[in-house]
Amino acid sequence: MTIADIAKLLQLECTSLCERNITGINTLKDAKEGEISFLSDSKYEKDLSITSASVVILPAAKAHLLPDGVVALISEETYLMVAKLSESFAKPIQSSDIQPIIGTGSIVYPTAHIENGAKIGSGCTIMSGVYIGTDAVIGDNVILYPNVSVYRDCVIGNNVMIHAGTVIGSDGFGYAHTKMGEHIKLYQNGNVIIEDDVEIGANTTIDCAVFGSTTIKKGSKIDNLIQIGHNCVVGEHCIMVSQSGLAGSTTLGRNVVMGGQSATAGHLSIAPFTTLAARAGVTKSIIKGGVYSGFPLMEHKLWLKLQAKLGKILQ
Amino acid sequence: MTIADIAKLLQLECTSLCERNITGINTLKDAKEGEISFLSDSKYEKDLSITSASVVILPAAKAHLLPDGVVALISEETYLMVAKLSESFAKPIQSSDIQPIIGTGSIVYPTAHIENGAKIGSGCTIMSGVYIGTDAVIGDNVILYPNVSVYRDCVIGNNVMIHAGTVIGSDGFGYAHTKMGEHIKLYQNGNVIIEDDVEIGANTTIDCAVFGSTTIKKGSKIDNLIQIGHNCVVGEHCIMVSQSGLAGSTTLGRNVVMGGQSATAGHLSIAPFTTLAARAGVTKSIIKGGVYSGFPLMEHKLWLKLQAKLGKILQ
Amino acid sequence: MTIADIAKLLQLECTSLCERNITGINTLKDAKEGEISFLSDSKYEKDLSITSASVVILPAAKAHLLPDGVVALISEETYLMVAKLSESFAKPIQSSDIQPIIGTGSIVYPTAHIENGAKIGSGCTIMSGVYIGTDAVIGDNVILYPNVSVYRDCVIGNNVMIHAGTVIGSDGFGYAHTKMGEHIKLYQNGNVIIEDDVEIGANTTIDCAVFGSTTIKKGSKIDNLIQIGHNCVVGEHCIMVSQSGLAGSTTLGRNVVMGGQSATAGHLSIAPFTTLAARAGVTKSIIKGGVYSGFPLMEHKLWLKLQAKLGKILQ
């Protein structure tokens, strides 16, 4: 797809290098030569000067910040343009001719479906109804219980156990919105990385990243029916109790504990060794570890005090 | 099954046309000749005069409202009677001899199971472990990711994407209760209709209607681990964020946004362009669009004010 | 595995009967001769004197409470020792050579996977993608909808209906923690027992017991996306509405109703005929049936009063 093709699709104007071929879409920071990127949030303005992208969609007022030789496609609705373009670069469900590789001593049940390009380590048990997508990589001594789905490109470490029905790598929930109130899907290009010694419960969902990776770090334990949004990072040795959730792009430090039905908003950072009580609702980043409760969130001691005061109101 | 058979099963008295054959059960409004209906909620009393049902179960005091020629079966426990009867008219899991029809260019993975009577449009991808029930209809360019289950009679439009593990058309949660505290299942007769351009996340559940349809309208986007109860209507271009839920028979207007873990009670109507913040809990219908928070629900501005006041209590 | 092997694995000291073979791990109360048990919670101290275990891991100060002839393995970190040992006694996924037994008139879809040792009664429908584990026992007239997973040893009664994607018997969420902040899995040895006439919705998860059974008693009805933790007991004729949850070892009396998104902490006992409103959060046992709301929980009438008072704060 040339820059001219992209400009035509998005009804934007191409002023230079229009015949150049573009092979992918990525963030300013991670884009490689030959890829297209975009500026939709001023937070990433600093990445303009260092991008290796060949073309960037951005508002007119920011075009002068681009390095020499990077083509600008000018739009005041950058995010919508990216969404409209993203389908063109979406990865297909199947894109490999290489027969899956299964390591020594691994058992694959006959109704499991392993796509081409996938690699499974040794000593694994891949049970009935499991799906493993194109180019996914599974480590050693992994147990995938029945009906687990692992989407393409996801990477699972060693000694990982994932219980029945859990979904790894489903599309993150990302849309741009038109003035008519329609939602245009931002196709999700990234993956999920699950490090060693992680256990994940049943019917949990972990979305792939829009670009890059959603990451579950070494030793974390994740219960049933939990939602982890796109681009989240769960630190080492975290504990997430059933029915808790992380909105997109939130990072948990190491040894964070999230109680049952607790949740965070997106784009937050939670300090290491933080404990969130059951039902805690986090809307701001937590800089200092401690025990927090309630929605809005407060120190657990304060929450107990508030409940005592509310009890007095009733008297 | 004759009216006499029904009367016998329910231990009610049949006084006329007892040999007439009854072929189905439905609401007063939608019942056709040859079907049985019921009055269990005075809200539907107005439908008695216009029903085409051949027989109606209803309390003695309401029998005089029936049109001439409609047989009355008198009971003061109508809902329990309907539940007890519903199994007799429950649709079987398989009831078609017609081989499924698969459109041009559609890919069906070998471990997918398509029941007889189902129709799949063109350009679809039906992945491993997917189940499509009897007489279900799938449009064009639909992607059903691994282990999605679509129950019988459900209808899915064009350009719909449903992520792994999601269940469409499971039975609504409806029971009548005996005086001994037992729960008698009301077999669910209806279906789910998903219109064009809808995307549904992973491990979400959308129950079929008890009668008629649970409906997700054009362009709505529904995240992971969401519950949509029987007979709900989700309007056009709605957004439902992860772990939110709709109890039965609630209607969302167009462009309603439901934040993460928000929920509504049943039988409500939510105005178009309403935004419900994360964790909002709705117990009354919302007549005017706006931004609402909290449980009990209030305008978001008021909720912020309340939290500020509660903060002061602590000082 | 001898007592000496166990002592070596856990770096504890064996002082007598070190060559004795140990065949399993269990609670003090349920351990049989030849098994190992442990005291990690003083609540169970009373069971020391009656245990039939051959060896018990316990703190030095409690060793004198053991019956004569029971070997003591002394540790001040009992729970961690048990977790480290539990993998050695974990039941394998497959451990039977006996072909599954399928009762008369039962239908098993071709992509269902039934392990050796499983028994299925008569008149059942085991749909596509269902998994039934080793030595599981399914009663008569059971419907398992597509992609249901039933782990090994689970027992399902007669006339049970389980909707698509639900997981029965996944591992309970139990870990011991090292001083370095790592979590050591306590392998779950128990099962789930579902009694007659239970209906379970879609994508719900019911964990197996760590020892013994998680039990759903006769006639209970459980909706979609519900979490039931290890060792819970749901009494007869309970109703659990969608997205509610029970943490481990909580017991519901008969005819308890749990509203949508309500939840309880672990190790509680909820009185029969208790109704928990939607979103109720229970942190203490409920001794007297009634209607309760809120988090922290209070009588529903009080909760309504509190909301009215809070409304006045805003004026």
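Chains here go by letter, A, B and C, matching the order in which they are written, and residues are numbered from 1 within each.
By our rule, contacts are C-beta pairs under 8 Å (C-beta built on N, C-alpha and C of every residue); 3 or more make two chains touch, one makes a residue touch a chain.
Just so you know, these numbers come straight off a predicted model, no measurement behind them.
Rotation relating chain A to chain C, from a C-alpha superposition: 120°, rounded in steps of 5. Where chain A touches chain B, under half of the residue numbers in use are shared by the two copies, so each contributes mostly different positions. Our note on geometry: chain A versus chain B, Cα centroid distance of 32 Å, whole angstroms. Those residues of chain A in touch with two or more other chains are numbered 111, 129, 147, 165, 203, 225, 243, 261, 310. Here chain A touches chain C in the complex through residues 109-111, 125, 127-129, 143, 145-147, 161, 163-165, 199, 201-203, 219, 221, 223-225, 237, 239, 241-243, 254-255, 260-261, 278-279, 307, 310, 313-314, going by the rule given at the top. Partner chain B is touched in their complex by these residues of chain A: 93, 111, 113, 129, 131, 147, 149, 151, 165-167, 170-171, 173, 175, 181-183, 185, 203-205, 207, 225, 227, 229, 243, 245, 247, 261, 263, 265, 281, 295-296, 302, 305-306, 309-310.
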